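Chain lettering (A, B, C and D) follows the sequence in which the chains are written, and residue indices restart at 1 in each chain.
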Amino acid sequence: MADGKRQHKKNRLEAFSDGVFAIAITLLVLEIAVPKITSTIHEGEVLADIWHEWPVYLAYFVSFMTIGAVWIEHSALVDALDHIDGVFMRLNLVLLLFAAFLPFPTRMMSEWKGVADAQRVAVVFYGVVLLVMVLMLIVLGQHAEREGLFGADIADERKEEARVKYQLMPSLVAYIVAALLGFFVPRLGVSIYLLIAIWLAVPIRDVRRLFGRRAS
Amino acid sequence: MADGKRQHKKNRLEAFSDGVFAIAITLLVLEIAVPKITSTIHEGEVLADIWHEWPVYLAYFVSFMTIGAVWIEHSALVDALDHIDGVFMRLNLVLLLFAAFLPFPTRMMSEWKGVADAQRVAVVFYGVVLLVMVLMLIVLGQHAEREGLFGADIADERKEEARVKYQLMPSLVAYIVAALLGFFVPRLGVSIYLLIAIWLAVPIRDVRRLFGRRAS
Amino acid sequence: MADGKRQHKKNRLEAFSDGVFAIAITLLVLEIAVPKITSTIHEGEVLADIWHEWPVYLAYFVSFMTIGAVWIEHSALVDALDHIDGVFMRLNLVLLLFAAFLPFPTRMMSEWKGVADAQRVAVVFYGVVLLVMVLMLIVLGQHAEREGLFGADIADERKEEARVKYQLMPSLVAYIVAALLGFFVPRLGVSIYLLIAIWLAVPIRDVRRLFGRRAS
Amino acid sequence: MADGKRQHKKNRLEAFSDGVFAIAITLLVLEIAVPKITSTIHEGEVLADIWHEWPVYLAYFVSFMTIGAVWIEHSALVDALDHIDGVFMRLNLVLLLFAAFLPFPTRMMSEWKGVADAQRVAVVFYGVVLLVMVLMLIVLGQHAEREGLFGADIADERKEEARVKYQLMPSLVAYIVAALLGFFVPRLGVSIYLLIAIWLAVPIRDVRRLFGRRAS
């Protein structure tokens, strides 16, 4: 198979994945309901009604940041590949299955926000979906390594790929802890999900370089 | 027409098709309703309510895997083409028409899940849409072959294309059998749809190579 | 500005336009409601209920084919361009505004299907949106010609572009006639919209070549 | 890192951003509800009902034009870049967060349209989201400049980028004024938002050139 062909196949996987990530991240907004109001409402009450929905905005934000972070890791991983194989395409489809599914547990968290026992279940359910997304990223990375999908000449991308796993592995553990704590204190669970998303999204290397340059 | 031009036209068909497949596959999640709960519900009941919706998750999963598998076959087919013509573009549009329509029968299966007679009709309706998608893939492949859209020099892609049909043709028969059985035992029909999707998604050649390598 | 730069700008306009067309065409399915059923319904009644919704499926099909046809014409036009300018980008945005708006009149036709007087208004409203889409295609083509956006060396693409207008201009007239007739006989109006979509989608040149080859 | 690699990373950021902008702009149509009608309604009343919804169409139009304008500025900015870094990717994600969120305040404006006090809050809320989008564009441009992401040889793109900020900076001020006025006279606020969107979308340089050529 020619090089152009190989590259082309990789490009199409990227286009499809970018599409699914972009749509999943944008559909999330449909899960946020506008507060119902009466015709005699005052500004203060409207503001209170909007404020009252904060767990919904938080769930939106966590889901958005998590998909965003997964997209960034995914694009770093696929960038570093020389070519992809059929198994990679299917494993990628499983990752997309869970990314596309995320609006459902997000809605669950929004709709059940007033009911303590339901909220506990929702937080765990939500955490499991987040965890599987990160797990699939790791599986993709390991499959790529085992099958030699990284090019021979991209030694320093390989290091970058290693860095990816360095941030992903602790996230898995953190998701398990967060889901367990979330069963007892839902808000704590969601807060940890938020921290994990930020941790995944922060570009450690770039930040270090940025600070390093300013310090010098 | 220059080569770059031809390639460009093909690229745009891919971009549009990738878009429609990606959106259709991601919109499916909107069809899954969050179970309604009361404010005095207990965790056990919430879990039971979530579990009770399993036919909905199954329909989601079957639709997702089928669109995913069709996308994979579509990208293998278009990959192997040297260029496309106007008729290919229109036949492709018919394939997209049914792919984009799939969320409707998926929702039908979800909403009618408790009513036996309606479920029977829904399973057949659903199967017909799945069947037409696969049929259109075959039609696209045959049109490409008849019109010489495959390049002269891609002998081994041609073989791959043959393999595509090798997996698609039995699927057509399986869909007809599944829809007929599904009319009498809806769950059996859906289960066969799931098996067909997995059969379509599994990369026979890659799996064989993977096992072959490990065995040696 | 370098050639690569110019090409790049055109590519991004295509990517964005493909995205909007693909999403608009796929969102249409959300407008089709699954018939409400009772738990004691029989298969025959379910089939009758599904059949009863035919104007909804027709509206879906007309909208799908029209956006599909507009996408095909749009891609033929942009293909033939050497580069684009800022005005082209904005005119293109107006075309996308109406393409993205189409799900609204489609839903209007579905929701008002039982009420004769409302249906008359909906058919005209729908026709106006379809007409503006085609009108904007013509405006884009004329702007491109006036500003010399077609390359100097693509004489035969230019002819193709001329062919585009050859099919678009009569469509404008047909939409006006269809909307007027549709005010009095809604179903007639929609039927003509369908014929226009098919007329726009049929690749006259390719069909002629196909028949010509078979005849010889 | 090779040049192709750098370019590739930029391309994928564009693809993902184009996806999110395209979806957000197309989802807006779902926020427009078809007026409920009775079965004995007359054409005149239907027209009156459609007309009565004008603030909804206006909100749709303002949101569409604003996202469209932001997309145009975004593509001009990214076009002018030589490469991107990790921080740019994350700042870009924040811009997308607000672009994807815009359907929510748009729906707020539609659903609360009859209630004066709620409308006042909605107009301010809406303005803040619009403002943050433009603010993030400026932040992206300044980060790119500070980090030297513009190529050394693209002197005149740099000027263009300067022009971008020339149009963006006054918009920020205008949004603040519009939101403040909008709190007291909602319709005035929305009208100014519309003017800002048009101001952002109009390609000053191209328009000047167009008029200049005709005058000469």
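For this structure, a couple of remarks:
Operating definition for what follows: contacts are C-beta pairs under 8 Å (C-beta built on N, C-alpha and C of every residue); 3 or more make two chains touch, one makes a residue touch a chain.
Note that the structure is a prediction, hence the values are computed from the model and not measured.
Counted as hops between touching chains, the shortest connection from subunit A to subunit D is 1.
Counting the residue numbers that touch the partner chain, subunit B and subunit C have less than half of them in common. Superposition angle, subunit C onto subunit D, using Cα atoms only: 90 degrees, a multiple of 5 between 0 and 180. Note: centroid distance subunit B to subunit C, computed from Cα atoms, is 25 Å.
Taking each chain's centre as the mean of its C-alpha atoms, subunit B lies 36 Å from subunit D.
Each of the following residues of subunit C touches two or more other chains: 15, 19, 22-23, 27, 30.
Partner subunit C is touched in their complex by these residues of subunit D: 14-15, 18-19, 21-23, 25-30, 32, 34, 37-39, 41-43, 46-47, 50, 60-61, 64-65, 68, 71-72, 75, 79, 201-203, 205-207, 210. Per the touch definition, subunit D reaches subunit A in the complex via residues 1, 5, 8-9, 12, 15-16, 19-20, 22-24, 27, 30, 85-87, 89-90, 93, 96-97, 100-104, 107-108, 111-112, 114-115, 117-118, 120-121, 125.
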